[in-house]
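Structure incoming, see below.
Naming follows writing order (A, B and C), and every chain is counted from residue 1.
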Amino acid sequence: MHDPDFHRDFCRARLIGAVTLGLCLAVAGHARAEEKTDFKVAWSIYAGWMPWGYAADNGIVQKWADKYGIAIEVTQFNDYVESMNQFTAGGYDAVTLTNMDGLSIPAAGGVDTTAVIVGDFSAGNDAVILKDGTALTDIAGRPVNLVEFSVSHYLLARALDSVGLSERDVSIVNTADPDMVGAFQTPDVTAMVTWNPMASEIAALPGATKVFDSAQIPGEIIDLMVANTEVLQDNPDFGKALAGIWYETTALMVADTPEGAAARAAMGAASGTDGAGYEAQLAATRLFDKPAEAVAFVNSPDLATTMDHVRGFLFDKGLLGPTAPSADAVGIELPSGQVLGDGANVKLRFTDDWMQMAADGAL
Amino acid sequence: MSAISVENVWKEYGDQVVLENLSLQIADRAFVALVGPSGCGKTTFLRMILGQERPTRGRILLDGQPLPPEPGPDRGVVYQRYSVFPHLTVGGNVMLGPELRGARLTGRRFGAARRRLADEARAMIAAVGLAGSEDKYPAQLSGGMQQRLALAQALMMRPRVLLLDEPFGALDPGIRADIHQLMKRLWNEVPMTAVMVTHDLREAFTLATRVIALERLRDRPEERERYGARITRDISIWPPRVAGQRTSFDPPEGAEPPL
Amino acid sequence: MRWINRRPRRGAEMLLLCLPFAALVAAYLIGSAIRLDANPADKLLPSPAQLWAGIQRIALMPDPRTGEWLLWSDTAASLMRLAAGLGIATVIALLLGMAVGLLPYLRASLGAFVAFLSMVPPLALLPILFITLGLGEAAKICLIVIGVAPIMTRDLALRVHEIPREMIVKAETLSASTWLIALRVVLPQVLPRLLTSLRLQLGPAFLFLIAAEAISADAGLGYRIFLVRRYLAMDVIFPYVAWITLLAVLADIAIDRLRSRVFPWSDLERGA
C-alpha cells in the first residue's frame, strides 16, 4: 500500500536528520569566541615538545591551570599532522607545530593563529643524508625520500639553494617518517631528508653521510606552541598558564640536578629513546628555557627574513591555497606590529606578550 | 560380456558393520533392482561396484577380473541429482565423455573429429527424446529432461555396466512413466548390465529382470553396530525378461549405426 | 497491513533510493555553509564552488608545478598497481585454490597453512615488506597480493570442495584424468566464483593500495590524499574519495557483467 502520510513524515524525518548531521559537522569549529574555562591542548612527540607531556604527567599543567582557575586537557597525538588538522578544524585550542606548518595549515586554513611560546629551533635535528656521497652536490639526479611539504622538504630546498641547485635537479619520493630508517637500508633509496631521532640513527648506518643539517640554517625551523587567536584574546589567562607551564618545566629539565636528570630521562623514555639519546637530540636543539632569550629571538629582524623564506617556499609549492595570487596572500604579524603580506588577512601572529610576562616574573 | 560376481563382501565403517557377507552373481545383460529400507546399505553397495568405495573384505569381479579401485569408463552412473554438468549445454554434456577420452591433454575435440562427435551426440540426444534442446543449459531443463540427459551422457561411453542411484526418485509420476519407457528401450538396445537402487518397489518390478532386497535382520539398537544388512530376497521376474538379441550397436545390414 | 507486506510503488522506490544520497548532500551543504559562515577560509567542508574549483585544478588542467594532470596520472599509477596486485592474486588463488580443493594430499599439507596465512593482518606486514622489497612498486603490489590472495585462495578451495562428489565421480566414469577433471569440470565451475571473489576483494585491495601509497610514493590516489591531508585540502580529498568510490563501483559492475557474459549458465544456476 502506498501511504502518502507516511512518505511525508518520512521525508520530514530525513530532512531533520540531515540538518542535525549538518549541525554536528559544523559545530566542531563553531561557537568558541567567548570566555570559557575548559581548554584543550594537543601535542605530538618531538624532542622540543616533550616538556608538554612531562608537564601534563607531573602535575605542572594542573598547578598552573588551578592558579588561573581554568581546566587544561593535554592530549598526546601519535600523528603530528592529525594534531594540526584537529586544531585547524577547531577541536583544540592550542597545538605544538613548526613555524612553517603553522603558516601552511591553520593560518592558510583561515584560522587566526598566535604563537604563544617559541620553544626552540632546530640546530641540527633535521638533516640531509646521502648514501655513497660526501658532498651535498652529489645529490643531483637522485630520488630523495622525505615527508613531502614538511620542514624536511623546506630544509632540502634551502640546502639545494645553498649550492646553486634546485628541486628540478632531484626527484622527490614522499615517504612516511616512521619508515625512514628501514627505507634507507633498501637499495633504491640513496638520499633522504628527515629529522631526529631517525636522522641520527640513519647517519650512523654504514655508508651514510650527513651532508647538510639545520645547524646551517639556524633559527629557520622553529618549534612553537600556538593557540587560536580569538580564544587567546578572550581568555588571556590561558596564554599565561601555557607560559607558566613551559618555563617551569624547561627550568627543571635544564637544571644540573638529580631532578633535572630524572626529568630528562623521563622525557627520553616517553619519546622512545633513553636519557643519553634524548640529551643528544637536545644538543641539536636550541631550547629557549629562559624567556628573555625567546623574547630577543622573536624580536630580532632575522625572524622576518626566515618567515619570508618560508612563505616563499610554501607559495612555490601551492601550500598557501590554490587561489593565493602571491606569497603575500596570508599575512604574518611580527611582535613589532610589522606585517608581512596582506594586512587585511593576518592569520599568523608572532608575539612576545606571554614570554615577556614570564621574563618579568609577572605570571 | 559384463557379468558381475560379488564374493563374500563386507563393508564396515570403523566398528559399524554396514554390509555383511554379500555374495551374488549378476548375469550379463541383467537389470538388477536393489531395494530395501533407508540406511540398509544399498547405495553403499552400488558405490562399491562403481569403485567410489572399496569393500572392507571380499571382492567384486567384472567378467572375472577384479574391479579397478576407482571409477572408470566401463561403469556409467546416473544419480538422482548432480549427474550433469551445469556449465555445459546439453550438447556439451553429451560430448564430454568422448572428448575427455579422445583428447587427454585439452579435453576438447576440434575439426572433423568434433563434427563427427557432434553428429553422434545429436543422434544420442534424439534417442533420449531431447532433440532440439542441444544448446540449452541443464538449469533450463525440467527434472525429467535432466535425467534423460544424464542417461545420454552416460551411454555415450558405451559402459559395460550402468549404475543407477535412485535416478527417477525425484520425478513426478507421469514423467516417471515416460522415462521408464525410455529406460526399458535403452536397456533392451544397448549391450550393458544395469544395477539400479530404488526404494520404489513398483519401479523395481517394472524395469528389472531381478529384484534383490537388502535388510538388517538384527535391528535392535544394541545389535545395530555389530550386524550389517544381508540379502533377504532375490526374486527373478517371471516371465523372464531378456534384453534384445539385436542391439542398437549391431549395425543392420548396409546401414550406419544409429548411435 | 504489516510492514513486511508494504511495498513502495515504482515512483516511490526511486524516491527512496535517492533519499539517503540527498540527505548526505544536504547534510554536507548545511554543515559547509555554517562553517564557511564562521570562517570563510575554512578548509574542512569546502563549498560546492570550491569543490568544483578543486576538481578543475586536479582533473581539467595540468598542475602548474609539474605539468601533470594530477587526477589522471594518479589514477593511472594506482590502477596499474591495483591491476598487477589483483591479477597476481587471482592467478595464485586459482592455481592454489584448485589444487588445495581438489587434491587430498595438498589439502592435508597446505589447507591449514593457507587458512593461517589468511589470518595474518597484511597491514602489520607493511614495514617488513618495505624493508625487504624496498619502497618501489614491488612492495605495494606485494601488499595487495598478500592482502587478498590467501582469502581468495581459501574461498576458491572451499568452492572446489563444495562441488558435489557425484559430479567428480561422474567425470571419472567419463574417463577424465585428474588433470582433465580440473580443466573441464572444476575450473569452469569455479571461474564465476573467482570473479565474484575478485569483486568482493576490490574494497580490501583499494585499502591496501592506499595504505601502501601513503607510506611511500610519488604518484597515486592514496599518495595524493595523504599528501594534501597535510594542509587539509578537502577540496582535493573529497573529489578523490568520490572518484575512488566510483572506480570501485564501476569495476564491480564490470566484473559482474563479464561473469554474466562469459558464464551465462552461472546466472541460470542462481535462479534455479
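Note that a residue touches a chain if its C-beta (ideal position, glycine included) is under 8 Å from a C-beta of that chain, and two chains touch if they have at least 3 such contacts.
Note that the structure is a prediction, hence the values are computed from the model and not measured.
J.: Tell me, please, which chain's centre (mean of its C-alpha atoms) is farthest from the centre of chain B?
T.: Greatest centre separation from chain B goes to chain A.
J.: Identify the chain whose mean C-alpha position lies nearest to the mean of all protein C-alpha atoms shown.
T.: C
J.: So, what's the distance in Å between the C-alpha centres of chain C and chain B?
T.: 47
J.: Centroid of chain A to centroid of chain B, CA atoms only: how many Å?
T.: The mean C-alpha positions of chain A and chain B differ by 81 Å.
J.: Indicate the whole-number Å distance between the mean C-alpha point of chain A and the mean C-alpha point of chain C.
T.: Measuring from centre to centre gives 36 Å for this pair.
J.: Can you check the complex and tell me which residues of chain A touch chain C?
T.: Within the complex, chain A contacts chain C at residues 1-3, 7, 11, 14-15, 17-19, 21-26, 28-30, 81, 85, 88-89, 104-105, 108-111, 143, 145, 148-150, 171-176, 178-179, 182-183, 185-189, 316-319, 321-323, 347.
J.: Across the complex, what residues on chain C touch chain B?
T.: 164-167, 169-177, 179-180, 183-185, 188-189, 263-266, 268-269, 271-272
J.: Can you name the residues of chain C that touch chain A in the complex?
T.: Contact set of chain C toward chain A: 1, 6, 8-9, 12, 15, 19, 22-24, 26-32, 34-35, 38-45, 53-54, 57, 64-65, 127, 130-131, 133-136, 214-218, 223, 226-227, 229-233, 235.
J.: Would you tell me which residues of chain B are touching chain C in their complex?
T.: 50-52, 70-73, 75-77, 79, 81-88, 96-97, 99-101, 104-108, 137-140, 153-154, 157, 159
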